[in-house]
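Structures for review follow.
Presented sequentially are two complexes of chain A, the first with chain B as partner and the second with chain C.
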Partner chain A sequence: MGKRISYIILASLSLLFLTGCWDQVQIEQRGFVLGAAIDLADAPSNGDPSFALTYQIVAPGGLGGGKAQGQSGQQKPFFNVTARGSTMFDITRNMASETSRTPYLGHNQLVIISSEVAKIPHAFTNILDIFLRDHEMRRTVKVLIAADQAKGVLQFKSPTAKLPVAHIVSIAENARKNIAIAPPLQIGEVHEYLLIGRSVAIPLITMSSQGKKKPQINRMAVYHGPSERMVDILSNEETKGLNLIKGEVQGGAITVEIKGESVVYEIRRAKSSIVPKIKGKDDIKFNVKIETEGKIAESFANIDYRDPANVSKVEKKVEKELERLATVTLEKLHEDLQVDVFDFARYVKKADYQLWMSIKEDWDSGKNYFSQSTISIQTDTVVRSEGAVIDTEE
Partner chain B sequence: MYFKSSKRNKKKEQDYSKREDFSIELSTSLEENIINIKKMLDQPGDLLTRPFVIGETGPACAIIYIDGLTDTKVINESIMKNIQSGADEIGKGFEEAETALLDRLSYHVISSASVKKVTTLDDASLAILSGETALFVDGTDELLIIDTKGWEDRSIEQPVSEGTIRGPRDAFTENIRTNTMLIRRRIRDANLRFKSHQIGRRSKNNLTVAFVDGIVHPELIKEVNRRLETIDLDDAPESGYIEEWIEDSFLSPFPQMHNTERPDKVATALTEGKVAILLDGTPFVLIAPATFGAMMHSPEDYYERWMIGSLLRTLRYFAAFLAVFLPALYIALVSYHPGLIPSKLAFSIAATREGLPFPAVIEAFLMEITMELLREAGIRLPKPIGQTIGIVGGLVIGEAAVSAGIVSPVMVIIVAVTAIASFSLPSYSFAISIRMLRFGFMIAAAFLGLYGIILAYILINIHIVNLKSFGIPYTTPFAPGFKSDWKDLVLRFPIPMMTKRPKFMQTEDDTRIDKEGKS
Partner chain C sequence: MKSFEYADEEIGNSEIGYVIPSVVIGAGILSLPRVLAEGTVSADGWLPIFAGGGIAVLFTWVVAKLASRFPKQSFLEYSSVLVSKPLAFVLTACIALYFMVFASYEIRFVATLSQQYLFASTPKEVLSFVFLLVVTYAVAGSRVALFRLHQLFLPIIIGILCIVLLMTLPLIEVNHILPLFKTDWKGYLQGTKSTLLSFMGWGVLLFYTGLMNKPKKAVKAGMIGMCVPIILYVLLYLAAIGVMSNVVTANLTYPTNELAKVVEVPGGFFERMEIIFFTIWVMALFTTSIVFFDISVMAINSIFKKVKKIKLVLILAPVIYLMGMLPQNRLQLAKVSEGLGYAGICVSIIIPALLIILAKFRGIRGDG
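After this line comes the complex of A and B, so read on.
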C-alpha cells in the first residue's frame, strides 16, 4: 500500500515538474506597452490598407525606481517600436522579432489612432478589435484620435512626466479645469457605441506646431457610426457646446463681457437634462436644459456684487454665452454633419421603443430622422459665490 | 499505525520480563524492608536513612528520604523533634512493636499536614521518589508516608512567550501545585474540579485535568479522560507529548489544542466551558478544545477598550493573511500576472529586478529560508548575542544581498513584512504552522501562479473545515455558524453585551451575565 501511495505522489509531482512553469515570464523580461499609436503605412500592397503600429515600451531601469543598477540615470525610460502589417496581430508578431522584450499589453493605457486611419471606412473598428478581444487587454484603455501623425504624439519630450504617455493621460484627466476637455473616453465605452452602430465623439489630440512640440486635447473628432468612419473635427467652441449639451462638463471657465470688461465665471457643477417629446417619426422634439452652478473667479469690471441685481446680470450674460456655444454646436452637428454624437438616440429609445425600432436604421443616416428633429436649448445659471473681494479698485 | 502499535506491545513484554517484581508486601522486619528499598533503588547516593529508637526500650525505627527532594527543615521540625522530645511518652506500652504505634505516631505525634499509610514496596518507593519521607517501624508490615516535599523551584515569573502590556504578569511554573494554585486563585468556585492522572510508565508524572463542573459539557470531560487514559508513554517531559497523543489528527499542520503559560487565559477558558490539562514539569498548560478563532485571540483584547480590542483582532486576521499569502502573491504576480499590479508599481518592481540572476521563486525561497535561519539562530543563541544576530541578519544581510544584486529590495520588504506579520499572532504554535504553510503556498504559486494559490487555499479550506478538536469543529463559530458567538470573534463586543457563554461549547450553564442584574 505504501508503494502505491508513493507512486501516486511521484506521478502527480512529475505532472508539475514536467509541464513546468510554461507561461512564466519574469516581470523584468516583459516589455510593458504603455501606449499604442496607429498610422497608415505608405504602400498599400494589395488594396487593403496597411498600418504602422507604434508601441511605446517602458524601460523600467530608466524610471529611476531601482537603484540596484547604479548608473540608471542615463537610460531613457522608454523606447518606441514601429512595425508594419495589415492586421494588428500580425504587426505585433512582427514586432517580437525586433525587440528584446516581448510586448505585454496588460498595462496599456492609451490607443492613439491617426485621423488618416480613422477616415478609412471600417478601419477604426477593425483596429480596435484586438484591443478588446485579446486577453491581455483592459477595457480602461483611453482612446484618442490624432489630428496628424499618431506616432509623433508618442515622441515628444514631456517636461514633467518621464513617459510621454503618462503626460497625455494626465491631460486627458484634466476635464475638471476645462470645458473643452471631455472626460476621457475608454475603449470599453467606445466598444458599446460601436456594437450598436451609434456615432460618438472621440477626443482629438493635436501637436502644437509653434515652438516646442506639445500635445493638446481640446477638440473632438466626430465618428459616424453607420458608415464606420470619422467624418469631421469639431472646433474648440463646438467641443465646448457638445460637452455642455451632453452634461459632461466637470468644470471650466466662461468669460463674458460686462460694461466692456471681462468677467470670468467658473463652472463648479453643470448638468444637462434632455427631455424628448415624440409625436411621430417626423415630429421628434428635444428640450435640452443646461444648468450650471459656479462662482465669479475673476472680474475686471468694477461691479458691486453685493447687489443681487448685478449678480443676476452676470447670470443672464453667462446663460446667453452658454446658449451661444450650444447653438454653434447644433448648427454644425445637427444641420451640417447630421451626426448624432449627443446620444439623443438613447432618449428616443427610452421614450418610445416601438418607434425607435422602426427608425433606428435611419436615425443619423439614410432618411436621417435626427436631422429632421427639432432641438431647443434652455440655459440656467446660478452664481453661488462672488469671491472674497467686495471692492475692486477703480 | 497498526505496525507501530504492535511494536510497542512487544517492547512492553520485554521490559516487564527483565524487571524484578517489587509489588510485594512489606515484611515485618525493619532491616529487610530497608534492604529491599535500597536494593530496589540500587542504593543511590542521595537516599538517606536515619535509624532511631523510640524511648529506651521502644521499637527500632528509621526514616528514609531522598536528599534534595525533601525539605530537611520539615523533617527536623515535624518528625524527628516531635518523636524524640516525647519519646518516653510515646513508647509507653509499646515494648512490642504494634500497628497501633503507627496510629499513635500518625494521630498524635507527627505534625505534618499529610500522613498516610502504605503497605507495598512499590507505593513506598514512588512516595520516596516524589519527595516524601517513609517512616519504618520494626515489627509492622506497614509504614507511614509523610509529606515533606520541598525542592528548589523557579518562582513565578512573567510569561515569556505571551507578553501583554496590560494584564496579570504571573505565569505558570514547572510545579503543578503552583499552577493549580494560580488557577484556584482566579476561580474560587466550589465547582472547580481537578482530576488527577498519572502519565508515563517510567516518569510517573502528575497530570491534572481542570474544569468547572456545571459549565463544561459532560461528554467533553468524558472524552478528555478517555483519551488521557489511552496514553502509554515512557515519559512526558512536556505537554507537547500529551498534545500529540490525544489530538484528533496528528497529520494536520494546525494545533488542535491551545497551549499557554498565562493563568488568566486558562481561567477564562474554564469559564467558557473548556478543559485545561496541566502537566507537572512544564509551565505550558493545554486548553481543549481549540478553535481557529480562539487562536487569534489575545487576553489583552478583553483588558483594553473593546474598540481597540476589535481593531487589533481585525489587524491580526490581516496579519495572518499576509503571513500566509504575501510571498506567494509576490511570486505569482511577478512571474505570471504582472497585469494585476498597478502600472507604476509594476514598472518599479521591474526596475528593481533588472539584472537579478534568479527568478522570483528562487529569490523568495532564498530570503524566506534566510529569515527562518535567523529566527532559529536567534532562539538558540544566548540572549545578548541573539539581539546582535537580529541586527546582523536584518540589516547587513538584507542590505548586502540587495547591493550585491542577488535579491531585489521589494523582496526584502516582503520578507520583513511577512516575518513581522507572523510575529504578531498571539499563539506561537499557530504562528509556526502558518510559517510552514507559507512555503506550500509559495511552491503552488511558483508552478501555477494565482491559480495554484487558489488551489492550495481550497485544499487548506477543505482540511480545516474537516478538522475537529475534541468533537468541536475547528472553524466554528464561522462554520458551522453560531451568530451569537460572533460577538467575540473577529470583533470583540463590550463585555456587558456578551451575556452568553460560547454557544458552540454547549455549556450546561449558558448564561454568563444575567440581564436582570444581580439578585
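After this line comes the complex of A and C, so read on.
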C-alpha cells in the first residue's frame, strides 16, 4: 500500500517539473511579426535620435478562407503597430502596452530602414544590433532601405498577396528577371560588412508616385562602412552596372538599337571575373570581365539572324551597352563617391594579404587607395539562340 | 554458446570506441568555431584542430596503454602499486573531484543555454534540477547500460550534425575561406590550446578500461574514437567559416547554433532546423554528464569500498547540483570552464604521463 502511495506522489510531483508551464505562450496570444520598419520619429530630441518602429503583425483570422466566420471577410489579415523610443528594445517594450499580442520575432522576414535614419552616422548599426543580438531573430532576415517613409511601405494594399511583406519579399526575390534586382541582402551578410567596416550596397525600396502606390525595388543605396552611414542612392542604370560588375546578375534584358530599331537581348546567364594586379599601394589594377550568355527575346528590327554577321552585330552592340552601364557605375562610385561597394577589397586581401593589412584602414576612406586604383572593363556576350521565329514581318 | 553479453558488467572494445566521442562532444562544440576564429585568419583554424586533435590522440594512447597494463584493476589499485597507497588515494580523490566539477559544469551549462534559447522565464535552478534528475536516474542503474546508451545516442547526434553540415554546402562561399595560411604562430598556438582543452575527455579511459574484457583493445578503440570528434569539429568549423565568414564567427557566442539557424531546407517546407539541433545538443550534454557523474561515483566507490553505489549517487547528486549553481553569470561559468581545462591537463595529460613513465621505468605490469 505504502509503495502505491509513494508512486502516486512521485507521479504528481513529476507533473510539476515536466509540463514546462513557465514558458508557455498560447498561440493566439503571440503576435507573429513579419516585417519591421524603422523611421525617424518626428519629435526631434536633443542628442540621440529617437526612432519610430513599426511591426507588421499577422492577424490569422483574416488569412483564412473567409467563410469560417461571418465577419472574417472584412478583417484585414495584418495590422501594423508603431511605437517610439530611442532604442529598439525600449520601443518593443512600449509596444507591449498597445497590442493584445506580444510581438514574436522568430518569423520576421524583413527589416526596412528609412534612408533618413540610415544617413545618421551609427544609427544603421545601432538599429541592426537587436535584430542580430536577440536569439529569436534569424540571420536570414532581408534588409532593405526605404527611399521615403519606411512605414508607408508596410501599408500599401497588395493586389496579389494578402500580406504586404509577402509581396515585398517576392519582389526582392525576382532577381532572375531584372538586372537591377540583386539577390536579396540578408542581415547576416550585413553583419559581416559592419564587422569589417566595409561598404555595402543595400537594395532600395521606393513607392511609385504615379497612380496606385506600389513598391518597387530597382535601385540601391550606398552604405559607407568607415563613416557608418548611408551616403547616396544609385540610379537604376548604376544599379544595373553594379550588379554586372559584382557578377550578381541572374537574368534580365538589355535593349540595343540596330538600324534604328530596338532589339532585346535576354541575359540567361552572366558572370564576372575580377583579376587584381597589385604592384604596390599606389599601383593597384583590377581587370573586370563581364561575360553573358543569352538569347534574342524581341526584335523590332527586320534582321535575318541566320546570318552569323547579324548575330555578331547584336553581340557587339550588347557588349557596348554592358560596358556603358559598367562605366556609368564606375564613374559614380569609383570617381565620384569613392566608395567600394563592389567588394574589390576582398580581391586585394586574397591576392596580397600583407599589403591589405597595411592599407585596410585607408581603403575607401582617408587616403582612399580604392579611388587611386585603376579599373578596366571587358565585356563578352554570346547569343545562344534567336528564338522560335525567323521573322515576324516581311 | 554465447551467454548474455552484458550480464557480467564487462564491456567490449566498441563500447569504449563509442564512449570517447560521446564524452568529447559536449559543451565545447557550440563555441569552438568562435574561439578558433578569434585567433586565426580566414579558415586557418583547421590546422590547430588537427594539431590539438593529434595531441589528444597521442594522450589517448598514453592513457589507454597505462590502463591496459593493469587489466581489470581500478585506477586506485594500479596507481597504489605505482606510487604508494596514500598518494594513490589523494590522486583518486582529486580526479573524482575534477569529474564532479565537470559534471556540475555541464549541468549548469545545459540550463544556461536552454534558458537563453528555449525557456526564457523558467528558472535555471529548475532546468538544472530536471536535467540532473534524468542524469542521476541513468547513473543509478547498471553501468553497462550507460554504454548501451552511448551506442544509441551517438549515431543520432552525429547523423543530425552531418545533415546540418550537408545542408550548409550550398551556402559556403569560397571567398570566406581564402586566403590560406596567413595566421602567425601565436594564433596557431592559441588555437591548438583551445582545441586541446575542448577535446578533454579521454581521461575516462583511466577508469573505464578496467571494465573491459579485452583491455589490450582499449588502445585502438580509444584512438579511433578520438578521431571521430576531430573530423566532426574540422568539418563544422569549415562550414561555419565558409557560410558566415571568419569575422562573423568570431563575434557569435555560439556559432554552431547560428549555423543551424541559417540552414534552410530547399523549398521552404522545413525552416526550423535548429529545433532538431537543440535536441541533439541536449543529448550530447546528457551523454557527457552521465559519464562524468559515473566516473566520480566509480572513483569514490573505489576509495570507500563498503558504501553501496546507489547511496553514493544520492549523496553526490545534491553536491553536484549545488556546485553547478555557484557561478552567478556566464562570465563566471566561462571561468569555470577555463579552470576545468587546466585541471584537465593535469588529470588527462600529466598524471597519466608520469604514471606510465614510472610503470615503464620500474617495469611494473599488472598482468604479470
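Here, the second predicted complex is superposed on the first by the 367 of 394 C-alpha atoms of A that agree within 3 Å, B and C clash if a C-alpha of one lies under 4 Å from a C-alpha of the other, contacts with A are read in each partner's own complex, and residues count from 1 in each chain.
Just so it is clear, contacts are C-beta pairs under 8 Å (C-beta built on N, C-alpha and C of every residue); 3 or more make two chains touch, one makes a residue touch a chain.
Being a predicted model, the structure only gives us computed values, none of them experimental.
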Which partner does A:60 reach: the first (chain B), the second (chain C), both, or neither? first
Considering only the touch criterion stated at the top, classify A:23 as touching first (chain B), second (chain C), both, or neither. both
Scan A:4 for contacts with chain B and chain C and give back first, second, both or neither. neither
Check the residue A:346 against both partner chains and state whether it touches chain B (first), chain C (second), both, or neither. second
What is the contact status of A:104 with respect to chain B (first) and chain C (second): first, second, both, or neither? first
Could you look at A:196 and tell me whether it touches chain B, chain C, both or neither (first, second, both, neither)? second
Residues of chain A touched by chain B versus by chain C: which partner has the larger set? B
Would you mind listing the overlap between the chain B footprint and the chain C footprint on chain A? 20, 23, 138
Please give the residue numbers of chain C that touch chain A in the complex, ascending. 41, 116-123, 126, 129-130, 133, 175, 178-179, 182, 244-245, 247-248, 251, 258, 261-262, 264
Write out the stretch or stretches of chain B touching chain A in their complex. 333-336, 338-339, 341, 343, 346-356, 359-360, 402-403, 405, 408-409, 446-447, 449
With touch defined as at the start, can you tell me which chain A residues reach chain C in the complex? 17-18, 20, 22-23, 135, 138-140, 188, 191-192, 195-196, 346, 349-350, 353
Within the complex, which stretch of chain A touches chain B? 16, 20-21, 23-28, 30, 32, 34, 58, 60-61, 63-69, 72, 104, 106-107, 109, 136, 138
